[in-house]
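Each chain gets a letter, A, B and C, in the order it is written, and its residues are counted from 1.
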Amino acid sequence: MIGQIFSLAFLAQTIRISVPYALASLGGVYSERGGVVNIALEGIILNGAFCTAVGTYYTGSPLVGILCGVAGGLFTALIHAIVSINIKADQIISGIAINLFAVGITKFVLGILFHSSSNSARIRGLPHIYLGFIEHQRDVAHLLGNPMVLGTIAIVIASQVILFKTRFGLRLRSVGENPEAADTVGISVNRYRYYGVLISGALAGLAGAWLAFDQHSFTDGMSAGRGYIALAAMIVGKWNPLGAAAACLLFGLAESLQIQSQGGALPTQFIQMIPYVATIVVLAGFIGKAVAPGADGVPYEKEK
Amino acid sequence: MPYAIQLINITKRFARTVANDNVRLAVLDGSIHALVGENGAGKTTLMEVLYGLYQPDSGKIKIHENEVTIRSPHDSIKLGIGMVHQHFMLVPTLTILENIILGAEDAKHGFLNLSRTTSRIAELADSFSLSVPLNERVQDVGVGIQQRVEILKAIYRRADILILDEPTAVLTPQESTQLFGILSELKQQGKTIVLITHKLNEVMAISEHVSVMRKGKIAGELDTAETNPQEIAQLMVGRPVLLKVEKDKSKTGHPVLSVNDLSYVDRRGIAILKDVSLEVSSGEILGIAGIEGNGQTQLVEAITGLLKPTSGTIMLNGINLGDLSVSQIFESGLAHIPEDRIKRGLVVDLPIKENLILGMHTRNEFSSRLSMKLSGIEQNAKLLIEKYDVRPPNPDALARELSGGNQQKVIIARELSRNSKLIVASQPTRGVDIGGTEFIHRTLVSERDNGKAILLISADLTEILSLSDRIAVIYDGRIVKVFSDNKVEESELGLYMTGTKGNGKTAALA
Amino acid sequence: MARQRHWLEHPVTQNFLVPILAVVLSFSVGAIFIAIVGQNPIEVYYVLFSQTLGNEYGIGQLLFKTTPLIFTGLSVAICFKAGLFNIGAEGQLQIGAFLTALVGMYTFGVPAYLEVPLLILAGMVGGGIWGFIPGYLKAKTGAHEVINTIMLNFVALALVSYFATNLFNVPATVHTPPIAPSGKIPRFDAFLSGFEGSPVNFSIFIAIAACIFVWYYVQRTKLGYELRVVGLNSKAAEYGGISVAKNLILSMTIGGALAGLVGTNYVMGYKYYFEEGFSAETGFMAIAVALLGNNNPFGVILAALLFGMLEYGGLVINTMVPKELVNILQAIVIIFVISSNKIFRKTLNNFLKTRRLSIEQ
């Protein structure tokens, strides 16, 4: 019995860690499948978390908070979209600048609104759906009853379908692989690239919302490299929604193992390395080659 | 008969050039119309204007006698225009089916209806004898199939006007024959076809009307039945085509390059070169004639060390090039004028003087153990710029700022300054104007007279015929015929180049 | 048909005009943020400039922040010349600085004329290894260096965190024991009392020497020629018998070694030990520095000075506006530079072209 609770709690822990990875990672999939490299995920998560905290704090409504988080993510992604798609500037540098911008702007506004440079006031958490039958197991009930957990699972599955079974997905993939070909059959490359980047903004914004609710506040730099882990998961998952989500679960599992075995055999830092080393190994082609979309990161210039 | 297409006074300018200058073109409904011209004459641009990829600066377009505005391919597709581009517009990682439907998907609430689409396409493919494996990825099928996919793509969109841009450039002769069969079939069923090409035999074989473009303008409109290749060629070039190069008989010396049983199988397992053997001696020009894509590129790359052959030997000045690096091969006596000057031959963002030492930068004149010798580089540049009349005569000008002909002069100046025994010249005058071409031809002949061995690869038969002392014909990766002089008719060469004669057999080393 | 080049069209003009315009624009946008907080932008900027440039202490602080930015900016710039995007300067500098400290703590008694070069070398070796890895992977497997350098940053951070908190640390701290005294690089204030209290030290001259080295290497040596050819057109390099793989690996390794020199400033010149978290985002800022400096070693110095000023400037204006204003300024500079490179140059050239056309007609 104790073992069961332990393992359920462990599972809950794993999922709790994996949710923001998965959301942001899916965001990366949409953006890069459309041909825009999105290193800005990190900054989008941060801005999403911040807007969620602010929205929830001022309205008292977590729902409004989530919407604010998504809006914050969308706005941040919009900057990336304009710079990458319209101006056709370097997408990687744009992403780095946006990450820097997010660190600055969140702390800047934090100082103005909450008179603190490190964290916001406490906010309400996300209400969970009451599940009577397992309510005695608090961790699990909170987890399964959490609308964002359920939502994330739904989004993962839906994304797989959207990308490979719908008109939208087909067109998105085509502008990411060979925009010229898409253009010649009348598909607006820019429009679909915008969709990809904006969806990634919304999803990474949601990831930020999760973090804010999870900690009941915004703390400075709380994205803590999650955007990069999401990027890693996207590559390890070979730019597929299910693959990326599985990689996120794997990374989450490793992390909760590490928390579980504090002071155990392996130092924390080595667990932390797992996603990054895994990505390097996969990219080098040691475990099946990961091939990025053909036009990933390449601005589409129409007139030669 | 009504017109399917009328282009009226179309003008399209780019930053530096006028690609289409007041062009008029009329294509009869249900006909096959050839649009011919040299590279850079403006054929493709004109058709891309029609297809909506470019907006004309002025002019009108009528489709089926109605004036239309075409802002994007979206509009042209709606008007029933389909285009098969020279570089296929396919998404390699998608399946053939997905490529065909892309942009015109049969979908319900956004979800693709693949089963219904599959049967519809299978039907279409059947009726035009265009069989393709629908569920394979495009990247896994050959170019012949890819081209059919492009045609199917257009027909699936109910195109009744089909533009094909140099469709045979990438095809084997068999595939070309099949393509012409398909085109006749399409015409039978009432489609209008515009064929962009510079191959006159194709024009004669399949078209009913010909429009000739030269330097952005229409140089002539002819009925195929009432013209001949000479007349068309003259219109293309703008003067009688007999480019006579003044040269004496060659004084052939000892063999410089000998290639023996060279074979190359590419990564996909396709044999590109099959037992190629040839020999070039000092004081002669050996011309390799052939339709592009029959292994010429790989042959040159194997000789110059850029590609590792699967088997066979290459000897240069008695040295086996087998395991030598590119720079060692250069040192053994090679000069190489590459086929694509922008991609390989030049670093366009470096100044002329630094381009003039590419591949020679380790020589004592240009560098010591660590540093470059600036004065040596500068002097070399001044000397070569003057000798080859490169304009502007400024060693510090970026190669990017030069015209195509002057860029080619830079490459030729550099390669000849190596003073090597062997010169491999691949498409040396492609995209170069007439004046530049004559200069390059004279230079090659005088190098020959200085005792150099020259291997000339050209898609331009006139060039091959007027420069070569001997001619080898390459077809499907084999040398199928070697002529011991250049007294051969173009049509005779054509028979070998298309595999009609000498098919399958490797010619004996002459 | 050589035509006259308009002065506005000259690359030098454009290379200076674009960055300056970007900086001016970002300060203008920054002014809006300052106004939102209810402060007077002119006052804030006055304080920013006068406190950083107006006295020796401020200049000392500024130069101290500038030094690592020069090293890492050069690292990014030289890789860029070879066509590679090194986002891994952060990881390279961590490994390099740690190795400097590690060697330093075990080499007591070595005379300064050996110890100083030894520790510098240790930093270069550490950074070099961390640059070599993505260079090698790029050359041999084609794996994209951008992703690999990002990933290696985190691996490096985790590694040095483990070493600096578990293995080689002074108990209950996150830093290593001090290096041998003979390995110390003197501070300015040891000679010039005006710099009293500011950490600027003679490693900035190593940074300047590194600039000269990079310039010489890229523009004047045989290897530099090869590196430029590979960076501008790898197909042409192949054709000319220049090994692309060798140059990719070499430039990443040199880039890493340059980033690894950051330890001279902090470990040898300031704290005399390695401390976890000593470098906040320097490696990322380096990208901005290289970009603003147009990947030119001397441009890098100017850009590093600007960013160094902003980094220290954040602290001096913190009483008036949140110091994160400078992060916002830095981000905006970057976005403006990459955007204006595209927009500004295009419009300028179009403008010149139409003007020329109208003159010709």
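As a convention for this text, contacts are C-beta pairs under 8 Å (C-beta built on N, C-alpha and C of every residue); 3 or more make two chains touch, one makes a residue touch a chain.
Given the structure is predicted, the values throughout are model-derived calculations rather than measurements.
J.: Counting C-beta pairs in contact, which comes out ahead: A-C or A-B?
T.: A-C
J.: Which chain's C-alpha centroid is most distant from that of chain C?
T.: Using the mean of the C-alpha atoms as each chain's centre, the farthest one from chain C is B.
J.: Could you please state the distance in Å, as a whole number, between where the Cα atoms of chain B are centred and where those of chain C are centred?
T.: 45
J.: So, what's the distance in Å between the C-alpha centres of chain B and chain A?
T.: Centre separation, chain A to chain B: 47 Å.
J.: How far is the middle of chain A from the middle of chain C, if each middle is the mean of its Cα atoms, in Å?
T.: Centre separation, chain A to chain C: 29 Å.
J.: Chain A touches which residues of chain B in the complex?
T.: The contact residues of chain B facing chain A are 14, 51, 53-54, 72-74, 77, 83, 85, 88-94, 98-99, 101-105, 107, 110-112, 153, 157.
J.: Going by the contact rule at the top, pick out the chain C residues touching chain B in the complex.
T.: 1-2, 220-222, 224-226, 228-229, 232-233, 235-236, 238-243, 353
J.: Help me check something: in the complex, which residues belonging to chain A touch chain C?
T.: For this pair, the touching residues of chain A are 37, 39, 79, 83, 87-90, 92-94, 96-101, 103-105, 107-108, 110-112, 117, 225, 228, 231-232, 235, 267-270, 272-273, 276-277, 279-280, 283-285, 292.
J.: So in the complex, the part of chain B that touches chain C is made up of which residues?
T.: Listed in rising order, the residues of chain B that touch chain C are 15, 304-306, 325-330, 336, 338, 343-350, 354, 358-359, 361-362, 367, 370-372, 374, 391-394, 397.
J.: Report the residues of chain A in contact with chain B in the complex, numbered from low to high.
T.: Contacts found on chain A: 165-168, 170-171, 173-174, 177-178, 180-187, 293-294, 303.
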